[in-house]
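Data first, discussion second: the structure below is written as structure tokens.
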Amino acid sequence: MADALTQLGFASWLSVLIASIIKVTLILVGGSVGMMFLTWYERRSISYMQDRRGPNRVGPQGLLQPISEAIKTMTKEDATPRDADKIVHFLAPVVMLGATVLSFAVIPWGRMFPVDLNAAVLFVIATGGLHSIGMMMAGWGSNNKFALLGGMRGVAQLISYEIPQVMAIIPVVLMTGSMSLQKIVEAQNDFAGLGWYVFSPVGLLGFALFFTASLAEGERTPFDIPEADSEIIAGYMTEYSGMKFAVFYLSNYMSNLAVCFVTATLYLGGGNGPGVDALGGIAGGLLSLVYFLLKSFALFFVMVLIRATVPRLRVDQLMSFAWKFLLPLVLVNILSASFWVALLRWDQQWPQLTEWFGAPSTADATNWGRLAIAIVLTLLINAGAVALIMRLTNRNVQKHLYTTDEELALGLS
Amino acid sequence: MLKTEELQINIGPQHPSTHGVFRMLVTVDGETLVDLKPVFGYLHRNHEQLGEVNTYLQNMPFTDRLDYFNSMVNNHAYARTIETLAGVEVPERAQYIRVIMDELSRILNHATAMGFMLGDMGAWQTALLWGMREREKILDMFEYVSGARMMCNYCRFGGVVRDIDDWFITELKKLMQGLPHYFDDFEGLLLNSEILLARARNIGVLPKDLALAYSVTGPVLRGSGVAYDIRKAEPYAVYDRFKFKVPVGTVGDVYDRFLVRIAEMRESYKILEQALEQLPDATGGFINPKVKQQSLKAPAGEAYARVESPKGELGFYVVSDGTGSAYRYKVRAPSFINLSALADMCKGYTIADVVVILGSIDIVMGEVDR
Amino acid sequence: MNPIAIGVFIVIALLTLGSGIMVVTVRNIIHSALWLIASFIGVAALYLLMEAEFLAVVQILVYAGAVSILVLFAIMLTRQVTGEGVRVVFERWWVALLIALGLFGVIVPTLWKHGATWEEAAKLAQVGPTPVDGAANSLQVATATEIGRSFMGEYLLPFEVVSVLLLMALIGAVVIAYEERTRRRRVLTLAEELALKKRGIVEPRDAEGAVVPREAEGKVILLDSEQA
Amino acid sequence: MVGSVPLVWVLTLAAGLFCIGLFGALSRRNIVGMLMGIELMLNSVNINLVAFWRYLQPTGTAGLIFAIFTIAVAAAEVAVGLAMVIAIYRARLTINADEIDTLKG
Amino acid sequence: MTLSHLATEDVFVVERNDADFRAGQGMTKGLGIVFRKFRKALFGKPNSDRADTEGQFNVQYPEERLAMPEAYRNMPILLYDDATGHELCTSCFQCERICPPQVIHITQAKDPATGKPVPAAAKFVLEYDTCMSCGYCAEVCPFDAIKMDHDFELSTANHPELDVDYNRLLRPVSYYETIAPTMWSDVKEQAMKKLQNNIKRRPGDIGRDHGQKIKGGAPVAAAATPAAGAAPAAGAAKPRGPVAAIGKNMSEDKTAKLLAIRAANAAKRGGGAADAAPVAQAAPVAEAVAAAPAAASAAPTGPVAAIGQNMSEDKRAKLEAIRAAKRAERGE
């Protein structure tokens, strides 16, 4: 875009500036509209799951409901507690929203990449981590016990789940050989656009783990501890009202949208799909956008389904789930991913090994025999690990009821 | 991991999970609950004093407002007390009608109570709304016979105010076609859900002896493993003519109460089936015509009658001095007495568990505060 | 001269330095920690400006996302309720100021003295490794891939040493902050008390504190779970 | 960036940040405050490393690698330091550096 | 302990499935059920029968309404005979006596010539805000004069308006026949016979015309309402005729009502708010009322809220007046 502007006669720095501003505006508008659609989508689909209709009054099928609600929240009174730390209280939602919007800088829309950052995957996670600052600020700045409790819980949760989230991406990075989202999408374009990572054992487990950890990062049920309304009211948002509350809400849903986009990009092939390459050009781009949005909203539908079905975990169960269940599985998955890569691409990665061992040099990725071996091996490793860890978790659950005699005696003294 | 100071938190009275205006003053050490002090009385409205001022009949609609989920059961219990006091005969058909209403109440109460408990757990209202759907169907039928959905005011001394007709029976049969599907869906949704198991198993354990010491009743007591059900222990109305079983738990935790309630809904369904079969025809009448409802005067004396309300043993104690209104009127409200065990049940668990335990007791503040 | 780059640099510099000053001068320690985050983010932006993308992301991930939160947690866990009004700086803070200013006064002239030399060197270094098609400015700065290769090759030993250091820090932090279980206050649940009573560890007591004879237990209950 | 912002500017910025951090570390009485000052100093060092890498050896990785090492060390330092702060607080109920002057715990 | 009365076959222990191996199968089953529900609700037919457990079950309230059962009771109303305009109430005080929250206040009519009581009520005030809808008044009424209405859309911003008197309590018998045909046909004959007996004992217009607007003629001015002060406000209330609750032509009725209210508001904004009567006769209002076919016989709509600036005082004054009247009656 910047080049086109330069050709129109703008100075190079000016064209860069204008192009950036246009891009940022598009991203912001896309993100907010996506968020609005998301709220409507969630409410409607959860209504159907609960045998009711959901918002259907404002606009066709209630599509304009988010807008009416945005207007409502904007015109509401914006109350700040008297003893709150005014500035921190004010800045917390700004930080939250800022972090979310930042992550949209690298998230692709189909095959359109706003910025192709070298470490894009890591960037998304890092901006997600910034949420914890906003939460802490909101919790502390409100001067409210529930808010503080919610903020502390939220921060602990975010930090804990960041680790499995980052490590669940490592297999993808290994398989691609790059952290750039663009390269990751390109790498999943085999088999007529259906070579998605989720179809490999490594990718499947990684997808499940990443999606679970992302649920926790996005504060979705069953991990919505920070806002557990039955326990600590609205958590860190307790003292917020009006526009500030709306900003929190906006940021939450935008980060959910971001999570869906990233998951679709990492494991479901992004905008890839049958026919995209065949069409090519603008039509192909639009088709890829459609594919991408379909995948993302299907993922969000799973989130809604989970929200409608399961209760939330307790805060200690949440922590042990991250550390005792997700983390070991993620580590195993990295192991099997390295097997996968070694089996499929070792002659590319280390050509000297081929020379030494005299293996046939097959450069193409579709070497069926090796693919089969890799699938079987990784499947065995992953399935074994899952079974083992589930067995251990089950035993822990059984054992939980009474602690040992010594502990009890100590506790009594 | 870190030593923290004890923190006092007020949960309620305006809190999303304390069913009604109820305050819990909890002392927590980190997330662990050290002490809990229930504070109630926000909804106190002089029910018992009113019962001593009003005539016997006038008090009937006030009993609707005790446990507003089960006004039919409340009416039944109150009518039974006054019938015992004044020695009033109740026609058989009226007894059957009362049993049908009681069991319908039990189903709707358990459906919504479990929904609310799961809502407290964070299961975003799906179970609740499915329960609400069944409740709506039942309430529509209540409305048809009594004129109101929740404040039914249906029983009179010696019978009920209006007979049930063919429409009601047809609709009841239709409802009962759908109920098993609802039970199955509800069980399938959450009964074995891993997260529910993690949240409910071994949480809020109320041991048997303590349950007895607190004199809790209803599903809470049965969940603790004590098989005590007034329908069996002191069969009132026509309960001795039905075949049904009393479900009991083994551990006494939230999960057991949950299971007991689901099992009770299925048992209620069985009772309904049998009651519909045995329902006598309308020749016997649905109300004792000899009773002067408005100017009923009970001979001096006292009476205590109880029924198995969905929440536990609901009893009314009335002392008469021979005039047209009670000399002393006392309600044994199951919610209130079950709630007294809350502090001990919650000790040592986390705040997140406290709301679930409260939900599993199934209280209605109208009954607690009276 | 690219005006955007200069402008962005000045903004970032002001953000970093300004919030840095706020960190050391603000009275409220939590505000100070929040300013620290702003400073970290400013530094990350500077890295981004210098095309060290990976490092910028790591800076945000580690400093802004983890270290600052750790600091905030530490502050909140150690905040004295009574200590709000005490002085936050040493009485002779001006000595520290003098030292800092003095150091600044020594460093900066030195830097500027060699500025020209570095400019020359920088100009030399900006030439691409091997200009293939005549595009001399298509300079490929090192990316995450190169960093990874260096870690696994040239710097393998330091890498391992650092990983061991991190492990040590992990263990050390746990050991230091760990409080022994015996010192932790534990509230027993009813079920646990009951279990204790059953195992005879604690004599069951009634409300007055008198010991209840063992035989009296378990009689009143019809249905025992073991029997049923 | 390169070619418009001179290297010296970046280095001056780093020096400023270092001196601010030094002042913070020296003047604060609160141990956590001191740690924050040290963090600022480490950051300024990192800026230096990255700046030298970008201006003088952009195709190599030494500067970046060292910056990453610094970050790792800083993280370790913060973790241990804050753990010690918490341990001290638990023993003395203060984190004021003036009052923690005896060896006996 | 007396707990051993339960036979073992009466008791069963619920199954806890403690020993099962858990690998997410329970959660998956739940997700499946919820998805099935979603599918059925989205593509299936709506929940119509009581046996249905799938499909949407909610009713889109203002447009769709459930049929009210006859026995439905909301607020009490008084009946009058369509033909003669005579009210069925004879002020026997049965309802006042039984009313649990004691919200019914009746004053018996007296023959102006002789001063003797006449079997008709001079005033009949009912506090809708305190009424608990128990239906006892309708149950005990020996003349079937008081019945329970089906109209539940009673919300108002004007609290004193909820002290309802004859003006708004009266409904024609035909109205009640529409909402509860069988319940009325059970008692019709006997009630009408009793009414005829009573009419004989009512001299002149006593026991008629309390509603004023009933028989189409020139509406009697608001001054005719008994209580002073706030009474006109309550009297000149919304058109609450037989229209509101018939429920067959609901949307039309509703539009008519809305039109009327809007017109009244517009008139209030336009004209002075001091006097109720001229505003009530203002053209838009009349048109709006006329536009609604069923509402043609309804009350002249007046700006309700404009007068009662001191609501609580109004209410208190009114209640005081009623109580004083009753005390005087009892001769205290």
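Brief remarks follow.
To keep things simple, chains are lettered A, B, C, D and E as they appear, and every chain counts its residues starting from 1.
As a working rule, a contact is a pair of C-beta atoms (placed from the backbone, for glycine too) under 8 Å apart; a residue touches a chain by one contact, two chains touch by 3 or more.
Computed from a predicted model, the values in this text were never measured in an experiment.
Between chain C and chain D, the least number of touch steps comes to 1.
Among the other chains, D has the CA centre that is most remote from the centre of chain B. With chains reduced to the mean position of their C-alpha atoms, the one farthest from chain C is E.
Each chain gets a centre from its C-alpha atoms; the one nearest the centre of all protein C-alpha atoms is A.
Looking at which two chains touch through the most C-beta pairs, you get C-D. Taking the mean of the C-alpha atoms as each chain's centre, chain A and chain C sit 23 Å apart.
Chain C and chain E, compared by their mean Cα positions, are separated by 67 Å. As a whole-number value, the distance joining the C-alpha centres of chain A and chain E reads 55 Å. Mean C-alpha position of chain B lies 53 Å from that of chain C. Looking at chain B, residues 2-3, 126, 133, 189-190, 193, 195-197, 201-202, 212, 226-227, 248, 250-251 sit in touch with two or more other chains.
In chain D, the residues that touch at least two other chains are 86, 90. Chain A has residues 49-52, 308-310, 397, 401 in contact with two or more other chains.
Looking at the complex, you find that chain A touches chain B at residues 46, 49-52, 145-146, 221-222, 224, 228-233, 307-317, 397, 400-401. Interface of chain C with chain B (complex): residues 77, 177-179, 183-192, 194, 217-218, 220-225, 228.
Those residues of chain B that touch chain A in the complex are listed here as 7, 9, 15-17, 31, 118-126, 129-130, 133, 189-190, 193, 195-199, 201-202, 350-355.
Put simply, chain D touches chain C in their complex at residues 1-13, 15-24, 26-30, 32-33, 35-37, 39-40, 43, 46-47, 50-51, 53-62, 64-65, 67-69, 71-80, 82-87, 89-90, 93-96, 98. On the side of chain E, the complex with chain B involves touching residues 1-3, 5-6, 9-18, 20, 22, 24-27, 29-30, 32-34, 37, 47, 49-54, 57, 66, 69, 71-73, 97-98, 100, 132-136, 139-140, 148.
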